[in-house]
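I'd like to ask some things about the structure below.
Note that the chains are named A, B, C, D, E and F in the order they appear, and that numbering of residues resets to 1 at the start of each chain.
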Amino acid sequence: MTIYVINPNSSEHVTDGIDDAIAPMREVSPVPISCLTLKEGPPGIETQAHVDGVVGPLLELAGSLQGDASAFVVACFSDPGLAALREAHSVPVLGIAESAYLQAMMLGQRFGILSLGRTSIQRHIRYLGVLGIRDRLAADLPLGLGVLDLADADRTIARLAEVGGTLRDQFGADVLITGCAGMAQYRTLLEEKTGLPVVDPCQAATAAAIGQLALRTCA
Amino acid sequence: MTIYVINPNSSEHVTDGIDDAIAPMREVSPVPISCLTLKEGPPGIETQAHVDGVVGPLLELAGSLQGDASAFVVACFSDPGLAALREAHSVPVLGIAESAYLQAMMLGQRFGILSLGRTSIQRHIRYLGVLGIRDRLAADLPLGLGVLDLADADRTIARLAEVGGTLRDQFGADVLITGCAGMAQYRTLLEEKTGLPVVDPCQAATAAAIGQLALRTCA
Amino acid sequence: MTIYVINPNSSEHVTDGIDDAIAPMREVSPVPISCLTLKEGPPGIETQAHVDGVVGPLLELAGSLQGDASAFVVACFSDPGLAALREAHSVPVLGIAESAYLQAMMLGQRFGILSLGRTSIQRHIRYLGVLGIRDRLAADLPLGLGVLDLADADRTIARLAEVGGTLRDQFGADVLITGCAGMAQYRTLLEEKTGLPVVDPCQAATAAAIGQLALRTCA
Amino acid sequence: MTIYVINPNSSEHVTDGIDDAIAPMREVSPVPISCLTLKEGPPGIETQAHVDGVVGPLLELAGSLQGDASAFVVACFSDPGLAALREAHSVPVLGIAESAYLQAMMLGQRFGILSLGRTSIQRHIRYLGVLGIRDRLAADLPLGLGVLDLADADRTIARLAEVGGTLRDQFGADVLITGCAGMAQYRTLLEEKTGLPVVDPCQAATAAAIGQLALRTCA
Amino acid sequence: MTIYVINPNSSEHVTDGIDDAIAPMREVSPVPISCLTLKEGPPGIETQAHVDGVVGPLLELAGSLQGDASAFVVACFSDPGLAALREAHSVPVLGIAESAYLQAMMLGQRFGILSLGRTSIQRHIRYLGVLGIRDRLAADLPLGLGVLDLADADRTIARLAEVGGTLRDQFGADVLITGCAGMAQYRTLLEEKTGLPVVDPCQAATAAAIGQLALRTCA
Amino acid sequence: MTIYVINPNSSEHVTDGIDDAIAPMREVSPVPISCLTLKEGPPGIETQAHVDGVVGPLLELAGSLQGDASAFVVACFSDPGLAALREAHSVPVLGIAESAYLQAMMLGQRFGILSLGRTSIQRHIRYLGVLGIRDRLAADLPLGLGVLDLADADRTIARLAEVGGTLRDQFGADVLITGCAGMAQYRTLLEEKTGLPVVDPCQAATAAAIGQLALRTCA
């Protein structure tokens, strides 16, 4: 049995980054953790059409893994297909956005979200409404970076620190969430720069999957 | 130019019912209103997988109509594809659930929803969270009927009246919404039985589309 | 039968501006649209006493038009008398604030309001509470302009662009509402300056009235 | 200087009932308390037109008392004219609904409201939205009684006890509010029947006025 | 290193029940799990004074375990001392109520709580306000049972099934939480009777602790 | 009989400041007002452990005063022990934070809080969630001052005016609350500097206690 972490975009290097981010958890996980790429996905999930479009292929991929899967993690901050996957599978299905929010709610009173660009923010706001937790949001601010810009470490760190400081000082955030699957390598540094705990969504969801497996032993 | 009302399930008789429901509006609409069936859709939209699954075909159908469309109405109470269609099109795109809620908010303070079965209710609740209007919900109660049961007029009317009365008396609803594309023929009767205004979602959305066309004259 | 748009202040030039704003809709309206001035109103509605004080005269004027009216639009952003008019009349009664909010909710996730001065803002906040839609508000900011200042186009445009930009960049607004009956002539320009859709309340309400007339054909 | 408790309906016997209800407070009030009837008011305030219609006369009456008034209490559960009076006067202005809600919020976590009839309930709900405290409402239920029925003590007590029990057992209320200016004489009995604290709005507001006078000594 | 599950009441048999409830998780936990009794606690935590009173002893006990603790779980549904423990300790501190709520939010849209008696319910409501998740509550209903009554399996099961059914049918709950540390043995049976997933708070928190330990491997 | 205002920290000079703040109310209070210091308290209440730790001594002190007390006021802006004291005593128990919030809700639509430092703010936010009034909060901003800094009048006034202006201009506050028991001497000056009403929590709670005594005459 395996925890499958599925990157719903088709970029292998994103999957590799996710694998790096969650690798340390393998030592305590009761089952292997395998990171997969959804080959049918777009290179990056940027529009609502992308979000809706990967649901079908995600359902198919999950279906093909059904006998082997202890849990599924959907590794895109828009949580595509989460509700549909839960309808179809009895094993735990985790979304990295939902998991990040629930994790942040244990670490602080109001979380700030650092999003790559402006377009995804209203999607996040809508989803916080689904989850009924808008009260816990300090603010969601854009970094003004594209996915490719994340390779430029200096620029990324500078922007993360600046926007993180704004979330803390102007909006009262006491915990931060990086609103994208690909920023795990900057997590510790952002914690140092802001003095706040920082949640990486892929790590939060994979840890939550391990917790769910523990819970299922009581079933 | 035409207002296209698209039934995202593949049941022609549902499309026919929608056409009957909105037919009187043709006399005042500045453009023709055409009701279409999404042939790629399932016979009925009952699961989250159905909701997500029709988005792609909906986008394709709307794309093929682009030059001719004054507005699109998505005629399923889960508003599938609404956000994606709005991203892709500059003409007004109306969802029948959103339109029904906004209409009900002008007719009363707390709306009650009459849903066919229990499974769709949590989907509605999630969507009300997206819209940020959960405060306006009195309650959403199941009729315990399937789509096919709607053909049995006596039984349907009896259940509508009973559940409508419960929404009014126990939950304080002062306006009702039939939470399904196929109950327009019972609207007037339900108003009489309960003494409350009743919103049919397809009618509300088509009327809203006509309003949007009026508004666009000022652009 | 006629849609009556009633300006509840006594300034004819405001009524003229409203008439200009909604004029293009006459080509698609199934009935004539007539803009009236409430002669008993104050020159401008600036205080709560003004808001409450025009309700009686509004009820009288509407009563005198009853046989001829297809719908009433109350053209003041405080929606004076809306509840009382709805109690008294079975035809649709639209308030320009409520209509602007509902329209904005279809165009974006969080609306920003541009108010003339600070005093009206808390009134807006209270009303958003009545409507149960405070979650959809990005922010409501004052332009620091009086009604007469609106005649100075350069200054007005400069302030609209500046405050609109603040609503977009600091508060996350993705749609704007001009919180006053007299700014329609700046709507298109504000859209260009900010890149966001802008709702003029009088246009939104008149369009909604046309939609309501369409809906009534199904009654 | 005097605390003026103004009954905005024209029924003297209602004013007499209010006077009886607040009489014991005279022994601790630092100033006299005088209960007045608004002669221009309707016999009872039942519609939104009534609510809006008494604002002008209320403003006039308060204006005529201005030099003598330590505080004003508006003794109608729709709090007519509260915002306008506060704009016009620097002395404390208390509404009996707002005061009852704030009092109840100190006595329990969720308050239940016992309203005479169904028509006033949506007005209450709207006002709770203005105040931003809908979360504290357990439910607002109709007694199905008219103002005149309150003279029938047995029937009134029976209904109060029944509806109070429903608010406690089905809706989780741990404090009750009688949603009308004329039920003070039943307050103690309702407390006994339900085991819950019961707030009479006129008493709550008059007590709050005395508190406000104390606070003003620090100005 | 050890996960310490601390029962803040002094009843050893409650601690034993908790130990039974979480025992199956030991097979997958990366560290031992030890259940402790707070000897200074009252036999049961029933009042707010009890809740506040155990915080000091809890802080002392946790302090004495500091070097050995991987995580702390506070095993009382009022989450006593949670904020204070988190201030004092850098290891994860889990409350069983918070954990149960976050777990339930992944299993359904609206959770129902089955509380022993009425007195604890308002405490729960207040806490849901702290967490900002009142929107996710279907209802919190009393079983009308004391802690000792839980030993009577037939009566307990009958009440659980009855109240669980009410939460599902009248209040729309699609997931249930047993609002007490001592009902784990009835969890599976309640799932069968209601057809809904049921969360046991001690199990949810202990599983969450295991998830937190996994997450800490990435620090 | 006496109103006891209890300072739950052990600093006599804080108690003296509270006594000065409420002294003018003695002329209208029907009973004496006595300000006491909780000798068992810490010099200042800065952490959650402090908040929880004073509850036991507070309950003891209040218990020892029981026969003489007309009402209790807990004079710390974290309202420690409020729920426990209300369980134990039938006389009114007022918290200065709750009282300040309810007072501010009558003076404006959105209150701004001026807190000494950042650490207490999340505690306030949590408490506003308990009270269900987060909608009424404009913002809660830190002054960046310690309790001892309050002795430096120039610096304190400068910071109060600056932060008060930010609350008014950037966050829309129309009433301010000083979020600490020791700033009463600056209240009037802050009103002048900002043009907004300012609520001192100790004054608000003591006034509310006088109001409660008035209300109890009707019991």
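Criterion: contacts are C-beta pairs under 8 Å (C-beta built on N, C-alpha and C of every residue); 3 or more make two chains touch, one makes a residue touch a chain.
Bear in mind that the values here come from a model prediction, so they are computed numbers and not experimental data.
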{"item": "Each chain counted as touching chain A and chain C at once", "value": "B, F"}
{"item": "Least hop count linking chain B to chain F through chains in contact", "value": "2"}
{"item": "Farthest chain relative to chain A (centres taken as mean CA coordinates)", "value": "D"}
{"item": "Same-residue or different-residue interface between chain B and chain D, half as cut-off", "value": "different"}
{"item": "Farthest-lying chain, centroid of Cα atoms versus that of chain C", "value": "E"}
{"item": "Chain pair equivalent in interface to A-C, over half of contacts matched, among C-F, D-F or B-C", "value": "C-F"}
{"item": "Length of the line joining the C-alpha centres of chain A and chain B, rounded to whole Å", "value": "33"}
{"item": "Computed distance of Cα centres, chain E from chain B, in Å", "value": "41"}
{"item": "Inter-centroid spacing, chain E versus chain A (mean Cα positions, whole Å)", "value": "27"}
{"item": "Residues of chain D whose C-beta touches two or more other chains", "value": "126, 129, 131-132, 134-135"}
{"item": "Which pairs of chains touch, using the document's own definition", "value": "A-B, A-C, A-E, A-F, B-C, B-D, B-E, C-D, C-F, D-E, D-F, E-F"}
{"item": "Touching residues on chain D, where the partner in the complex is chain C", "value": "47-49, 51-53, 55-56, 59, 81, 83-84, 87-88, 123, 126-127, 129-132, 134"}
{"item": "Interface residues, chain B side, partner chain D - complex", "value": "108-110, 135, 172, 174"}
{"item": "Chain C contact footprint on chain B (complex, rising order)", "value": "21-22, 24-25, 27-30, 92, 94, 98, 102-103, 105-106, 131-133, 135-136, 184, 187-188, 200, 203-204, 206-215, 217-219"}
{"item": "Chain F-facing residues of chain C, complex", "value": "121-122, 125-126, 129, 134, 139-140"}
